[in-house]
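Structures for review follow.
Heads up, the next two complexes both have subunit A, just with different partners, subunit B and then subunit C.
Coming up: the complex of A and B.
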């Protein structure tokens, strides 16, 4: 995993917020993931395979998703389904950008949405995992990138 | 080979000689085909021009693809999300060509995109959990010169591919490991162990700094703290002459330097830092693995204390000889008043580190080269003398040299004399500069400043270590040509 890869994932995510909501998201200082779980209320997971294997996921709070739903969908009382769909959409956007950037020699999975903070998301142990805090408005999310 | 060729390795079917009927023959044929498809280890199936899998296929095909009920399914649909999309596109084109009778089969087979491909298996969430390498071969089935079907065979070639990849990776990895091994072999195992512990601690420190960064209002403070940890790693690596570690740490430090000069910092700016941190972690892990493999040899040959003590003096001798030679200097080493056996076991490593640091820095910064000494009417051979004593409950170590008393050493003398909260002589600008130098790492890239920064960091590190043990350092200039470092360590631990 090099700096270009990491910048790419960060920019894809941050640009999503600006394009869709008109409000910029701010990247926090990235760090290496330890044993502690990095999981909030909802997580959108993308698997990457082919020449390089790994996983990327965005995890966020239901408050943030509801605020997003309010802006994007004009939905003031977003249901769980709406919130899950939005998680999938953010992950899908990242996924689409990855597909475009890394070409068709990579396999990019359809995003999987996971609800709940109960457990950590299992990632390949032999690969470094980077955690990037992202703040949009007053809401905190994490982008987690694990790629060979 | 033409599929219409009648010279087959088995007899053609004939109706029953008595009844003229075919039933039992067909049943026999069906049974044989069933055995074949049941027991072959390869995936075998027929494909129509619409790319649909036909009724009869081998049991192994289901196992290889991880899919059951294949009859009537489209091959391309099955491959989607299991192999890269580019290969799927190539496969579609290839299959179209295979059904063209005007094209030679052997020529087209060279375009086979599935000759060896990685095939991925999904879990219930649609996430890939495993993969195999499969090899597809395609043969035309013709009838009266028309291509009616394709016979496809799939073999699992995972073992062969993985072995070949492993050999290649091992070769590359071994080359790197050999370089690392050569770099660490000269270092005593206990020293290496301590070094690894030190690096672990500092890397963990940097990780904590980054992880807790959200609470900081001053990113520059983070940078200073990261720099301090890196400098400690670099210092320790230099002491043990672990060049690859020193080089890697230098690269890391340079990235930190760039941030230092940036006016407006944000999270993105720390991406190079965290990636470098990841790289260093990997290197540390690799080197520790190599070390574990070789350390059992050392465990079989536990050395006695007397030998350990001889080893210390021998290591210092080796350092002096090699560094002097490198720098064009001539240095005599006098250790006749140094009794390594008098050093308590608990101080052994610390004393070794201190003497290495002092001797190294003396040769680097203090002692002039051969010609400079001659032109100053000094004995061209400089002297470094070490001695030890036990006095009033303290272990004393002294290192003397007759090199030039340089600006740096006068500065260092002040460095170790003043604490940051002590009042410095107001007239002493140099004193203030020195204090700043001590407690604020100098991050400028200019070579001389870097030397000062390096020396001052080493001495800060030394001073810190001594303070932890209740020890003291004193520097005196016994004459214009003689500098003495005296270290006192309490024999009763504080």
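Coming up: the complex of A and C.
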């Protein structure tokens, strides 16, 4: 994975928030993931296969997801099911949009959603994993990209 | 009385299904079903024979391209709008070649969805 790869994911993330909410998300400086867990309330994980292999996940807070659900559905009291579903959909959209750069050989799985901060998300150990901090409104989240 | 078109909404995200239904609520449509996976989508398609379909591609059980191919064998004149995160030309072209009338990339705004839907349906 190189800087160009990271830019594809950053652009896709910024575009997601801008299109859906009309407000820009600010991405922080990406860093290499260490042993510390990068897990917030909900994480949406996408497996990558084809020419590139690995996984991408977004991890975020319940508050941010409720705020997004309010914008998308005008739903002020989003249920846990909606919040979980939205986590997977964000991961799917960000990953699917980068096919603009990689083409159709960049295969994405359906999302898997993990709830809770207790454990880290298990990633391939031999591959460098980058963490991209995201701030939208007052909410923090992280996009984690692990690609061979 | 204005004719209502039967619509089937297919997406593995319940949030997106609700958003599509809500955003298209001012069109003359009757929602005859919603599906979150390709297999259920095809069953519903056979049973309800919709006039219009919104179709996701990345789904469990059967992907949207396979579903689209099957739908075209069953009802060739159905109007299908593919709504997907897959932003690559090859997939868009493939969907149109199989028979989709429109290809909208997520994330979509309410305005983009309504405009694309209007164009597909020939509604001003």
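FYI, the second predicted complex is superposed on the first by the 146 of 148 C-alpha atoms of A that agree within 3 Å, B and C clash if a C-alpha of one lies under 4 Å from a C-alpha of the other, contacts with A are read in each partner's own complex, and residues count from 1 in each chain.
Quick note on the criterion: a contact is a pair of C-beta atoms (placed from the backbone, for glycine too) under 8 Å apart; a residue touches a chain by one contact, two chains touch by 3 or more.
As the structure is a computational prediction, the values presented were derived from the model and not from experiment.
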>> Under the superposition described at the top, does placing subunit B and subunit C together on subunit A give a clash or a fit?
In response: fit
> In the superposed arrangement, which partner chain does A:137 touch: subunit B (first), subunit C (second), both, or neither?
Replying inline: neither
> Now for A:88: first (subunit B), second (subunit C), both, or neither, which partner does it touch?
Replying inline: second
> Which of the two partners, first being subunit B and second being subunit C, lies in contact with A:110: first, second, both, or neither?
Replying inline: both
> Thinking of the overlay built on chain A, is A:72 touched by subunit B (first), by subunit C (second), by both, or by neither?
Replying inline: second
> Between subunit B (first) and subunit C (second), which does A:100 come into contact with in this model arrangement: first, second, both, or neither?
Replying inline: second
> Once both structures are overlaid, what angle do subunit B and subunit C make about subunit A, taking C-alpha centres and a multiple of 10 degrees?
Replying inline: 130
> In the superposed arrangement, which partner chain does A:52 touch: subunit B (first), subunit C (second), both, or neither?
Replying inline: neither
> Closest pair of CA atoms, one in subunit B and one in subunit C, after superposing: how far apart in Å?
Replying inline: 7
> What part of subunit A is shared between its subunit B contacts and its subunit C contacts?
Replying inline: 103-104, 106, 109-110
> Inside the complex, what are the residues of subunit A that reach subunit B?
Replying inline: 1-3, 6-7, 10, 26-32, 34, 45, 47, 49-50, 55, 103-107, 109-110, 112, 128, 130, 132-133
>> Residue numbers of subunit B touching subunit A in their complex, please.
In response: 81, 83-86, 89, 118, 120, 122, 125-128, 131, 207, 210-211, 213-214, 219, 222, 266-268, 270-272, 274-275, 277-278, 281-282
>> For a test of understanding, state which residues of subunit C touch subunit A in their complex under the given definition.
In response: 12-16, 18-19, 22, 58-60, 84-88, 90-91, 105-109
> Which residues of subunit A touch subunit C in the complex?
Replying inline: 15-16, 19-20, 69, 72-74, 81-82, 85-86, 88-89, 92-100, 102-104, 106, 108-110
